[in-house]
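Next come two complexes built around subunit A: one with subunit B, the other with subunit C.
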Partner chain A sequence: MTAREFASRMLKLDRRIIFMLMGVVTLIPLLYPLGLPVRVSPEAYQVYETLEKLPERSVLLLSLDFDPASKPELYPMTVSLLRHAFQRNLRVVTMTLWPAGTSMAESVVSRLAQEAGKEDGTDYVFLGYGPGEANAIIGMGQSLSAAFPTDYAGRATAELPVLEGVRSLRDIDYAISLSAGFPGLETWYVYGKEKYGFELGGGCTAVSAPKFYPLLQTGQINGLLAGLRGAAEYETLLHQAGKATAGMDAQSAMHFLIIGLIVVCNVFYVLSGQHRGRPQINP
Partner chain B sequence: MLFWQRTLPVLITFVFGIALVLQYYVPHPASENFLQEISVWNQIIAGFAIVLGVGSLLSTHYLKIKHQESGWGYSGVLFVSMFVMFGAGLWAEGKAEGTVFGWLYDYVLVALQGTMFSLLAFFVASAAYRAFRARTLEATILLSAAVIVMAGRVPLGEYLLPGIGQISDWIMNVPNTAAQRGLLIGVSLGGIAISVKIIFGIERAYLGGRQDDSA
Partner chain C sequence: MNLETVLGAWVATGLSLFIYSFLYKDNPFFKLGEHIFVGASVGYLLVITYHEVMLKKLYLPLIEQHEWRLAIPLVLGLLLLARLLPRLAWTSRITFAFILGVSSGVAIPRQLSSFILQQIQGTLKPLVTISPAGTINFGLAELNTVLILIGVVSVLVYFFFSIEHTGNVRRCARVGIYFLMISFGAAFGYTVMARMSLLIGRFDELVLYATPEYGYATVVLLVAIVVGLIWWERQTV
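The block that comes next holds the complex of A and B.
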């Protein structure tokens, strides 16, 4: 077999071998973590710093706009942000714009509130699912008690101590949307921040992070936690290594496997001589 | 019939379209109350849209089962899953803690959605091996940028190649942002153009009916 034939055969490598490599490469760092340090990006630091600068009992709105499909990336962010907010003794108002995320959101909020010894209705509230996507945000901008007459537990929002003085989104000190797509961070910016003028930060899956950089540079959002890396950065800032930090070693290994596969496939591509018949580019 | 099917919907769209555009620039309490009222109506209409969507989904899959089309068994799974989850949700009054609904959510939905999303990583790796080739200059630039960003966004990359994180940040902040802005401006202009066409009744495809009905 010539080198060219071998390269041509390797280019048609059975994808099950690649799947197996992926599985092994992901599993090993999870079993034997390297614990490499995570560099904190300026955009993640901005979110942390904003929470640090908020006075006690300020109102933080955390919209958990994701469903279980994005749990590995956005759930660790939720945990870190809630821990930080409860440590800072902020009033935490939580909700979701995704119906399939409601139970998950409710369980993480109540678990972390219990862990921090916070009282439901006084220190925090879970409003539940806001139907109507952008309309839920517009409704909250006009009147929070009209958009959510009751919270998830069925109590009248107008009577909850945690929402004292909070009539609409204009009374929110800082809002964060942890977003897996639409409706999410973009919706909060377009229909919420732009009209009702509150400070907005966000978290998103790694795949959607590039589209938020223009909003970040112009100050339309003041900070961004991008993917599992963003969650690990926040854990680093809190000095509380969690699931995101643990997952970074596996992500490192996977990224390098993909880089390796790209390099190898291009070497075989050149060796096979297929590059000689490459298409012409029109100027 | 033409009045109810065509003229009235176009008239409603025109009136509400213009009123909501003007509302944005008028901070008067009456204007704000109007917006609040509209947002409540929108939420009610969105509720009906869910009923419509579920109805349409069930009808499509019912026909698949009835005619025993290829893969009709999956339609059966959809029916069973939907009614079991719906019934469990109603029984538990939407509460998850300590209910069958919560159990189904935690141990079926969460696991299934997580699995589906995780599969992407395997397909991305396979696709990278098969498709990411330096066929042209543009493809080579794209490939190099992807490799730098992939290495620069993980701790192992920054450990093995000091400084690659900063290069990765530059790619995200400069070329990526420039391209994203171009896309954003293009999409926004397109959105404005289509909105104007809908408000003035030039674009009527949303009313349904024949293709030649519009324009």
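The block that comes next holds the complex of A and C.
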């Protein structure tokens, strides 16, 4: 078999072999972690530093704008941010703009609050699902108790100690949207921060990260956790290795495999002569 | 470990493996998983919307707290359903007009400000800084500013079709193409990273559910699906 024939055959490799290879490369680091170092980016550090600088009992609004489909990337961020906020003794107001994420959001908030010994209604609250996308944010900017007359548990928000002095978004000290798409971080910026002037940071899935970097560069958002890497960076900052840090080994291994496959495929492509318009060999 | 957690783990594992079986080829397990996903998602969304919106934000405030102003959105919402009645279908236009008018009024100024004006402001930064002593500084931040400016201008030139792309315009547009290619590459890289993260997330849970606490759910169901696929292949041959 000539090199050209071999290259042509390789270019027609059954894609299921590549799927299997990817599965194995993902699985091995999950079973046997390599412990590769995670470098913290300035945009992740900004989110951490903003939370660190907030005085105790400041109000943090955490909008969990995702559903279970984006759980692998955004759930570890939620865990780290909630742990940090509870450690800093902030008042944590949580909600979601995604109806399909409501139960998941409620369960993670109450689990971590319980873990930190925080009291529902005094130290934190889950407002539930805010319908209407941008309208929910505009409504909260005008009156929080009008947009959410009751929280997820059905208690009147106007009477909750955690919301004492919080009449609208103008009274929020820092807001973070963990966003899997629309509505999400972009919506919070356009209809929230721009109009009501609170500080805004965010977390997003890796696929949507490129569109948020221009907002970061202009200072329209003050920090960004991008994808699983962003979550791992936050875990590193908190010195609490979790799901994201564990996943980064697999992520790195997978990236090496994909780079390798791209290089090898290009070599085979050149060897097969297809770049010169030669007809393919059908072995 | 309680029964509902273990049962949930078995259902999650089974459905994940059903969907992954598509990597082999389209098959009845995948179709079953797909249909369950669609049905469960729609059912769940209906319940959440009913409970969180219809009940908590409309019915209870309107009936129990007598907030009569909520009757306006209620009527507007009902008018949308009038499309189902041919003789009254025209009334739905009132609601559509309201939605379009309010949405445009709210969105256009905000979008212009956020994505045009603020972004232009971010592009037009000083290319060099001069210290109080009069020395000119050009560091990495300034280099970034220069790159952003060149990128924005060259890409805009590339998309400017009113003049022929020859000479300097062609060269400038060519630079724009390189910037676009780099941005496409970055976007694709991030997309790959995102998809891999999802795979890692699922695998992480599948590894967890392969433990004795969950009754070796992953192993048992994987074997069952493989056996099922072999049986299905033999039936279809």
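Just so we're on the same page, the second predicted complex is superposed on the first by the 277 of 283 C-alpha atoms of A that agree within 3 Å, B and C clash if a C-alpha of one lies under 4 Å from a C-alpha of the other, contacts with A are read in each partner's own complex, and residues count from 1 in each chain.
Methods note: contacts are C-beta pairs under 8 Å (C-beta built on N, C-alpha and C of every residue); 3 or more make two chains touch, one makes a residue touch a chain.
Keep in mind it's a predicted model, so treat the numbers as computed, not measured.
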{"item": "Which of subunit B and subunit C A:F19 touches, first, second, both or neither", "value": "both"}
{"item": "First, second, both or neither for A:L27, with subunit B first and subunit C second", "value": "second"}
{"item": "Partner, of subunit C and subunit B, that touches more residues belonging to subunit A", "value": "B"}
{"item": "First, second, both or neither for A:P131, with subunit B first and subunit C second", "value": "both"}
{"item": "Partner chain(s) touched by A:G247 [first = subunit B, second = subunit C, both, neither]", "value": "second"}
{"item": "Partner chain(s) touched by A:V38 [first = subunit B, second = subunit C, both, neither]", "value": "first"}
{"item": "Contacts of A:T150 with subunit B and subunit C, given as first, second, both or neither", "value": "second"}
{"item": "Which superposed partner A:Q220 touches (first subunit B, second subunit C, both, neither)", "value": "second"}
{"item": "Which superposed partner A:K71 touches (first subunit B, second subunit C, both, neither)", "value": "both"}
{"item": "First, second, both or neither for A:R229, with subunit B first and subunit C second", "value": "both"}
{"item": "Doubly contacted residues of subunit A, that is, touched by subunit B and again by subunit C", "value": "19, 22-23, 26, 69-72, 100, 102-103, 131, 135, 138, 195, 206, 209-210, 214, 217, 227, 229, 251, 254-255, 258"}
{"item": "Subunit A-facing residues of subunit C, complex", "value": "23-24, 41, 44-45, 48-49, 52-53, 56-57, 61, 106-107, 110-111, 113-115, 118-119, 121-122, 148, 183, 186-187, 190-204, 207"}
{"item": "Touching residues on subunit A, where the partner in the complex is subunit B", "value": "11, 13, 15, 18-19, 21-23, 26, 34, 36-39, 41, 67-72, 100, 102-104, 106-107, 131-133, 135-136, 138-139, 142-143, 146-147, 195, 206, 209-211, 213-214, 217, 227, 229, 248-249, 251-259, 261-262, 264-266, 269, 275, 278-279, 281"}
{"item": "Of subunit B, residues touching subunit A in the complex", "value": "24, 32, 35-36, 39-40, 42-43, 46-47, 96-97, 101-102, 105-106, 109-110, 113-114, 116-118, 121-122, 124-126, 128-130, 132-138, 143, 146-147, 150-151, 153-159, 165, 169, 172-173, 176-177, 180-181, 183-184"}
{"item": "Interface residues, subunit A side, partner subunit C - complex", "value": "16, 19, 22-23, 26-27, 30-31, 69-73, 99-100, 102-103, 128-129, 131, 134-135, 138, 149-150, 154, 189-191, 194-195, 205-207, 209-210, 214, 217-220, 226-229, 243, 246-247, 250-251, 254-255, 258"}
